Each structure stands twice: as structure tokens, then as C-alpha cells.
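Each in C-alpha cells, the structures are laid out below.
Next come two complexes, and both contain chain A; in the first it sits with chain B, in the second with chain C.
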Partner chain A sequence: MKLLTLNFLTCARKACKATNAAFPLHPKDAELEIVEVELSPLFVRNILPRVEWEALRTLCQDLGLPQLPATAPEPGELFTPNPSDGVEGEGIEEVGEEGEPTQTLKDLHHVLLETTIREGKLVCGSCGHEYAVKEGIANFLLPSHLV
Partner chain B sequence: MPQYLVRLAQTHESFRKAELEALAELAGIDIKFDFYDEDSPFCILALPSPSSAATLIHRSILSLSIHELWARGTDYPSLHASNHLSSSTFWPPHTTSSFRFTLDSYRGSRPSATQRTLIDSFAYMPLTGRIKMSNPELSLTIFEDFATGATAPRALYLGRLLALSGRAAKTTYDLKKRAYISTTSMDAELALVTANMALAAPGKLFYDPFSGTGGFMVAGAHFGASVWGSDIDGRSIRGKGGKAKRDVVSNMVQYGLMSRYLDGFVADLTNSPIRGARGPGEDAARGGWLDGIMCDPPYGVREGLKVLGLKRDPGENGERLACVDRYMEEGYIPPKRPYSFEAMLEDILQFAAVMLVVGGRLSMWMPTANEEGEDGEGQKEIGIPMHPALGLVSVCVQPFNKWSRRLLTYRRLSSDEISPEALSAMASRKKRVHGNGENADDLNDFRRKYFQGFKEPEAEHTADRQ
Partner chain C sequence: MSRPEDTLPPDLFYNDSESRKYTTSSRIQHIQSQMTHRALSLLSLRSPSLILDIGCGSGLSGEILSTFSPETNPGGPHTWIGLDISSSMLAVALEKEVEGDLFLADAGQGVPFRPGTFDAAISISAVQWLCNAESTEESPAGRLSRFFNGLYASLRRGGRAVCQFYPKNDEQKKMVSSAAVRAGFGAGLLEDDPGTKSAKTYLVLTVGGGELDGDITGVVRGMEGVDVMDSRRRTKGRKRGEEAKGSKGWIMRKKEQMERKGKVVKTNSKYTGRKRRIAF
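Presenting the complex of A and B:
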């Protein structure tokens, strides 16, 4: 399970969704695995504004990964400046007009898409419920007394 | 605008126009249908340029090719007259090109001698290049459209081939050649069409909350989207087999799409672990964070939502299982509860309304009737579910012998397109008899989120500021 995925998941319990403590889930006894993924600069650029940066930092801290900067990189830090710099567009079609992906973008790709939790548990900081991750697959089904 | 002829596949007729419209939207191409008939595989479009025509068609599943329309007629004399009229426009750039003429008769059959005669009747055109049957520079096709049982065509067209469609993907992804499938897997053709309707494309995030064997994930990834899937049935996510494992991942590997595969996880949409959009600077207009949702919810509610326990392999991790909670076990059977099909549809729409970006699409399959009467009697037609934050884009119907199903496509509206009256009406609507009380609460939840700009979590957020 990729760290990117974890950034979009919280406790499945309705009571927890309304609390800050339930997000992000905290990995426990996590066994990490690095899985190489082909770089898609376009995807990294599009996904970055949707990532909860603070939660990602917390997660990296929990996992003992290198510390991330305090704030998310700006869009301008993801690509080297292009000499034929046009108008910055928000559409995805313009990506060809961007420069080369920077090391910052490659690092983000590595953290978000190549760093995965192979085995372990995900613990809700609100209710303490533990979700199992086995062979990279997390199980979010709740026992009947928590539904 | 110049006219182009699309040679459509004569199948899934009610999906064809919607697919072309979706592809035009995706590519930002201005499209106008000058002629379209469900009974014909020929469709005439007005498009800005030949290059826009090629862009439009290149990932279409339900068309075969697109052609620059040189002439049209109701019989051969009128076709030739039309050809002469546009000769100064179309002929000059091609007079010395290598070329070929072909005849495409729909519902008609022409003996080869007749074919030759028909093609020879165009000998007046000043084409001096050599005839080349494979990859000529100029490929002209005479299209004949016969009504059923007719002896003469009702319409004729002459067109220059511009581009072939993406229909070859139908064969590439054929379920017969896919390692991991189930009886409920959607066929490759319609899964790909679904991905077109939902505007799957590179850089986008797609999700299927009923992913099963991952057919929509494969289709979305084929068009470049990065895909997530979840299913309440853990077995479908975990897959089959020991060493030679067959699962969604092995399908992705088979097609070389692993770089688009994000994750699969086990989850129930009614207690989804997926967070809403969060954080400062968020406003209602931004919506959520998914670009598209594709799904084929379980039809037979009773089978579909009953989750069966996996036969536990006692040899595997026996020791570990003994010391974890029962619900952590692989064979854990989640609680069943009454859940009507309509309630599920509303939950899906609600989920989409919260999770989609503005302009993001939900493409969802549903049967047109539920299975109230087991004998087929007393079937109740299910209306098209609606949500104030979702605009209905298209309704496509696939008829079967005794039933039919629809592909519904919605677009997440922007805040100024959403009627506040409709939102409050929905919120105050008396909750329908659903077998559980959650639906109305969810609707209220949407309304609250909407007016608070989808800042989550609401409870603490509000408390923080008091």
C-alpha cells in the first residue's frame, strides 16, 4: 500500500470521521517495501495539491523516513524553468510545455508512489481501532460492534 | 465547419453518440452532429479541422475510423455531382499521391465485378499517383448504407481516411485472454467505453468502489489514469492462486499498466475509509479530489452485499491469527444489514458529490428494474437517481432479452451551478424507507459540507473557531 493511498484514507468509523485525530492513520509494526514505479511528472504535479502535506510529514516521521520540508513544494519547484515559458495553465494538456522534472518532483514520486507498506497495521488515533495490512492490502471492514 | 464522416460500429447504438461527445469534451473540441441515426453506422460531424477529427477518434471504442467527407448522395448520380462540386477544395493536394479506393457496403453485398464497376465510375478524378493497397497516402472509401432488405443503398458517401479509432483495444483487453476475471466482469468493450464516458486520461485519479476483478481499473489505466479500487469482498482484491497468483495486479502486469495501478483495498462504501477534501484554502467550488469514479454496483442486492467468509487456510499464519482480533482474520465475515438498491445508489451519488473534483465524472451502471418479484413479475422500474451537485451527462441503455441496464454518467457541478434550494430540499426531504436511517443523514452531511466549503472534519473545525 502506497503512502499516497494512506494520505487519502482515514478511520472507516462514522464517529471518527468527524475528528482530526482519526487522520492520518498511524502505521504500526510496518514492514516497508520500495517498489519501483515509472515516473509520471504529470501525475505528481496534479496530485500534489490534493495531498495533505502535514499528514504526509507525520507519516514519514512515524515510519522513520527522512524528514519532509515543513511546507509542500510549490508547483514552480517541480519543473526546471522552460526557456519558452508560456502562461501557466491549470489544464493537464500543457504539461509538455513544462521543463524537465526536478529532483524535488522525483523525491515526491519516490515517497508517494514507490514507498509502500507491505505488512503491518494502521491505527486510528481517535478510537484506537487497528486495520490490518497484509501483502500490501489493507482491510477496512469494521466488526459489527463498530458499524 | 468542414464535415467528417465517422464510421461507427453498429453495436451498443445508444452509447455511440455519448462516447463521441465525451471524447470531444475531453479534447476540448467543438463538435456538432449534422447527421446521426441509431440505425446507421455512418455519422456526419462538423469539426474544426482534420487534426481535431483524428484527435477526437483516436481513443473511441465504438467507432472504427474518421474520414474527410468529400461527397454524399442518395444515389450514384447525386454522389458524383456532389463530388464534382467540392473538387476544387479536396482534389488538388492529392493528385500525385499514391492511393487506393475501397467500398464499404453496410447491410448490402456487392459481387466483386460490381465493386470494380462502382470504383471505376470515379475514374474521372485526376488521380495520377500509383495505386497502393497498403498504407497509401490517399485512402478513399465509398460508403453505402442499405436499409434492411433493400436492393439499392439509401445513402452514399465518399470520404478520405484520416484516422483509425482506438477500437483495437477491445481485442487487446478481451476477457478471454485475461488471467483474472469473474462471472460478473464487465466485457472489455463496455469497460473501455465507460472509461471514455468518465474522461479517464493521463494525470487523473480514478476510483472504483466495487472493483471486483478490476475491469474498470484496467480500462481507466489503459487511457492513462491512475487507478484505485476497493471491494467489500476481500477475496476479489486478494485474488486467487498461490505461486502463480491471479489478481488485479497480475492483470495490470499482463497489460503493462502497473505504473498506473495505485492500490486495491478492502472496504465498504457505506463505511468508507476515504477522506473528503480537507485543509485550508478549500472552497466548495473546488469539490473533492477524485477525477473520476467508475462502477458497476452489485445488481442482485441480496447476493452482492452478502459477503461470504473466505475458507481459511489453517496452515497459513495459524499462529498469528490466534493472537489477533477476530475481525482481523482473513475469514472474517462482516455484518450484513438490510440495504436497498436505491439506498446504495444514493450513497454512491453522495460519495461522488463529495469526492469528485468540479467537472469530475461518475459513470455508473445500473439495471433498469430491481428484482422485486423473483419470477420477473412485479419488477419495479428504478428511476434515474439524481443529486443536486451532479448533472446528468448521458444515459445509455444496453438491452438484453429479459432486462436491460443503463450506464449513467454524471458531472460534478461547480458551486454556481448547484441550486441551494435543491440542496436544502434534499436535506429536508423525509428519509425514504431504506431499511436504514443513514441516507438522510448523509444528505444532511453533504449539505453541511457544501455550505462549509467541504472543510473536514466539520465538528472540530467548528469547535476550533468558537
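Presenting the complex of A and C:
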């Protein structure tokens, strides 16, 4: 499971949906895996405003990953300003009129899309329910008394 | 042909051998891919988006979402998250190393993502399964409503969803689409090849309030066989996608807003937003 996905995930229990503690879920005994994903600069730009930065920062801390800056990068930090006088050919088409993706964008891509949880558990801060993650797949089936 | 959903629960029907047979059948691959393309064109996504795939199975649709194509997936490649109730189907998806993240989950229990997560959602050949309750504690109507309420909340304003499904009969078609409308969606039904053996039903859903034209008639206008079942007539005078003050949708949205501001709000119940009966 990508860290991006975890940044959107909440506890599935009805009783938790309305509480603040049901987001984010907290990884436990997490085993990470880096899975290469083709860079999609426009996707990173699209999704960044929806990322809960504070939750992502804490998550990276908890997982022992390199520390993220205190605030989310601004849209202007994602692409180099001069698109047209860049190199001809590769990359340009992909990013349209945006110029080249910056290192900041590439770092975001790496953290959000290439860093994954392969094994472990995700724990709800509200009800304590543990969702198992196996081979990257989280089990969100609830026993009927918890629905 | 008998309907599989009348024979077994989905997680038992899609066991290891059925999931493999399903995924390797070139006939099924072809049909599922056609329907995915149809759904993608109805979503008309203009740039790489985050998409939820409900009942993603072995990822036949997901593979299409992940691939940019100037003709059939011009906005792609998209990033997708798939939910499925069958671990065997997901195991096949894992083997194929699909790019989306996978969840073992029952859509009838809701959609466990925070509000406004997804740009769009698709569901191909899965929603009819929700019309069966697998235990006495649940009802099809309850499962459909949990699903559509969850889906509605998890989509961003202006987002869209397309669900191709196989309704058993008109009654089921109506039960599904009215559950979607009750959750707050603008809804339209689109029928391809109606009356034939290969008839396909698409439920096209929009969430109002975005910068996009959230108007369902904008999506399916001029298409043959489209039945718009928007509830806009009731909401005349208000901006599209805005619920009546005090309605369930309105209360849920207010609660969402308050939650996001860090306030504790009361748990939603099926009674949320209902007129209270006078107690004697």
C-alpha cells in the first residue's frame, strides 16, 4: 500500500467515521518496500493539495523515513519556471506547458507513490481496531458486529 | 443463463479457480475492457487522476486506467485504488502486478476513505452483487445505501462515478439508482444495446459543487437511451449540488466541515436529518 493511499484511509467502522481519531490510521510492525512507479508529474501536482501534510510528516517520522519539511511544498516549487527554452524532446510532452519537474516533485513522488507498506497492521486511533496488511493488501472486511 | 449472484456469495463464487478462469478468458477480457473504455469516456478525465475501482476483481479495468492512450485514455495514466470482496480475485491481481493499491473490502460496508479523496470512481459488473444480503442482519437496501453514501462522501466536489452493472430486472435497476440519488448524487442511466443479449446498463453519477459541470444532463445529454433521474426538480432555486438546509445531505456536509475543522460531531445514524416524530 502506497503511503499516498494511507494518507486517505480512515477506519471503516461507522462509530469511528465521525471522530477525528479515525484518521490517520497508525502503522504497526510495518515492513516497507520501495516499488518503482513511473513518474507522473501532473498526478503529483493534482494530488498534492489533497494530501494531509501533517499526517504524512508524522507517518514518515514514525516509519523512520527522512524528515519532511514543516509545510507542504507550494505548487510553484514543483516545476522549473522556463518550459520553452528547455531541452527538446523527452519530458516536455509529458508535462505540457509546465516545464521540468523539480527534485521536490520527484521526492514527493518517491514518498507518496513508491514507498509502500508490504506487511503489518494499521491501527485505528479511535477504536483500536487493527487492519492487517499482507502482501500490500489491507483487509478491511469488518465482522458484522463492528459494521 | 443463471445469475451467479443468485447462487453464492461473491467471495465464494469468485474462488481461486473461478477467478483464474474469469481473468484468462479472452471473451471476458474483451467485454470488460470495452465497458471500461465506455466508462472512461463518460468520466472524461482531462488529467492524471485518483480513481476508486469498486469490485476491481483481478484489475482488468485497472490495467486500462494505468495506461496512457491518446485515443482511449487521454487524461491518463491514472492512479487507482481497488476494493474487492474476493481474496482470490485480488490474488490474481497481485500475480499480474497491477499498479493500483488493493483492498479486501465489502463495498456494502461503506467506503473507508476521507471526504473528497477521489476525482472519480468506476465499477464494472459489480454493483448487482450488492443487491443480495448475505446475512439476516443486513438488507440489500441498507448495503446499497452504505455504499452510495460512502462513495458520495469519498468523491471530491465535481467528481463523477460510472457504475456498469447487470440489473436483474427493472425493480433492481430502480433500487440501485434511487439509492444513489438518495445519497446526494445527480444520476442518469445509460443503456447500450437495450433489449439485446449484450445490453449494458451504466449508472452515471455526479457530485455537484465542483468547477466542472456537475450537471448530469451535461454528461449524457444527447445520448440515446439516457434516463436522467436527477432530483433537481425538488431542489429548484438552489445551486446545483447544494442540498436543502436541514436535509440529510446538508447535515452530513456540515458535519464533514465541522469535523475537518477539528470539532467533534455526533455520529451519523440512519436517523440523521430525519424529521423527528413528536414524542408524547
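Here, the second predicted complex is superposed on the first by the 134 of 147 C-alpha atoms of A that agree within 3 Å, B and C clash if a C-alpha of one lies under 4 Å from a C-alpha of the other, contacts with A are read in each partner's own complex, and residues count from 1 in each chain.
We adopt the following convention: contacts are C-beta pairs under 8 Å (C-beta built on N, C-alpha and C of every residue); 3 or more make two chains touch, one makes a residue touch a chain.
Values in this document were obtained by computation on a predicted structure and should not be read as measured data.
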Of chain C and chain B, partner touching more chain A residues: B
Determine, under the contact definition given at the top, whether A:130 touches first (chain B), second (chain C), both, or neither. first
For A:74, select first, second, both or neither according to whether it touches chain B, chain C, the two together, or no partner. neither
If you stack the two complexes on chain A, which partner ends up touching A:2: first (chain B), second (chain C), both, or neither? both
In the overlaid three-chain picture, which partner chain does A:17 touch, first (chain B) or second (chain C), both, or neither? both
Which superposed partner A:143 touches (first chain B, second chain C, both, neither): first
Overlapping contact positions on chain A, where the chain C interface meets the chain B interface: 1-2, 4-5, 8-12, 14, 17-20, 23, 37-38, 40, 42-43, 46-47, 50, 52, 113, 135-142, 144, 147
Residue positions on chain B within touch of chain A in the complex are 28, 201-205, 226, 228, 230, 232, 234, 237-238, 258-259, 262-268, 271-275, 277-279, 289, 307, 324-328, 330, 332, 334-335, 337, 456-460
So in the complex, which bits of chain A are touching chain C? 1-2, 4-5, 8-12, 14-15, 17-20, 23, 37-38, 40, 42-43, 46-47, 50, 52, 113, 135-142, 144, 147
Residue numbers of chain A touching chain B in their complex, please. 1-2, 4-5, 8-14, 17-20, 22-23, 37-38, 40, 42-43, 45-47, 50, 52, 92-93, 95, 113, 130-132, 134-144, 147
How about chain C: which of its residues touch chain A in the complex? 47-50, 77-79, 81, 83, 85, 90, 94, 99, 101-106, 109-110, 112-114, 116-117, 119, 135, 137-138, 156, 255, 259, 262, 264-268
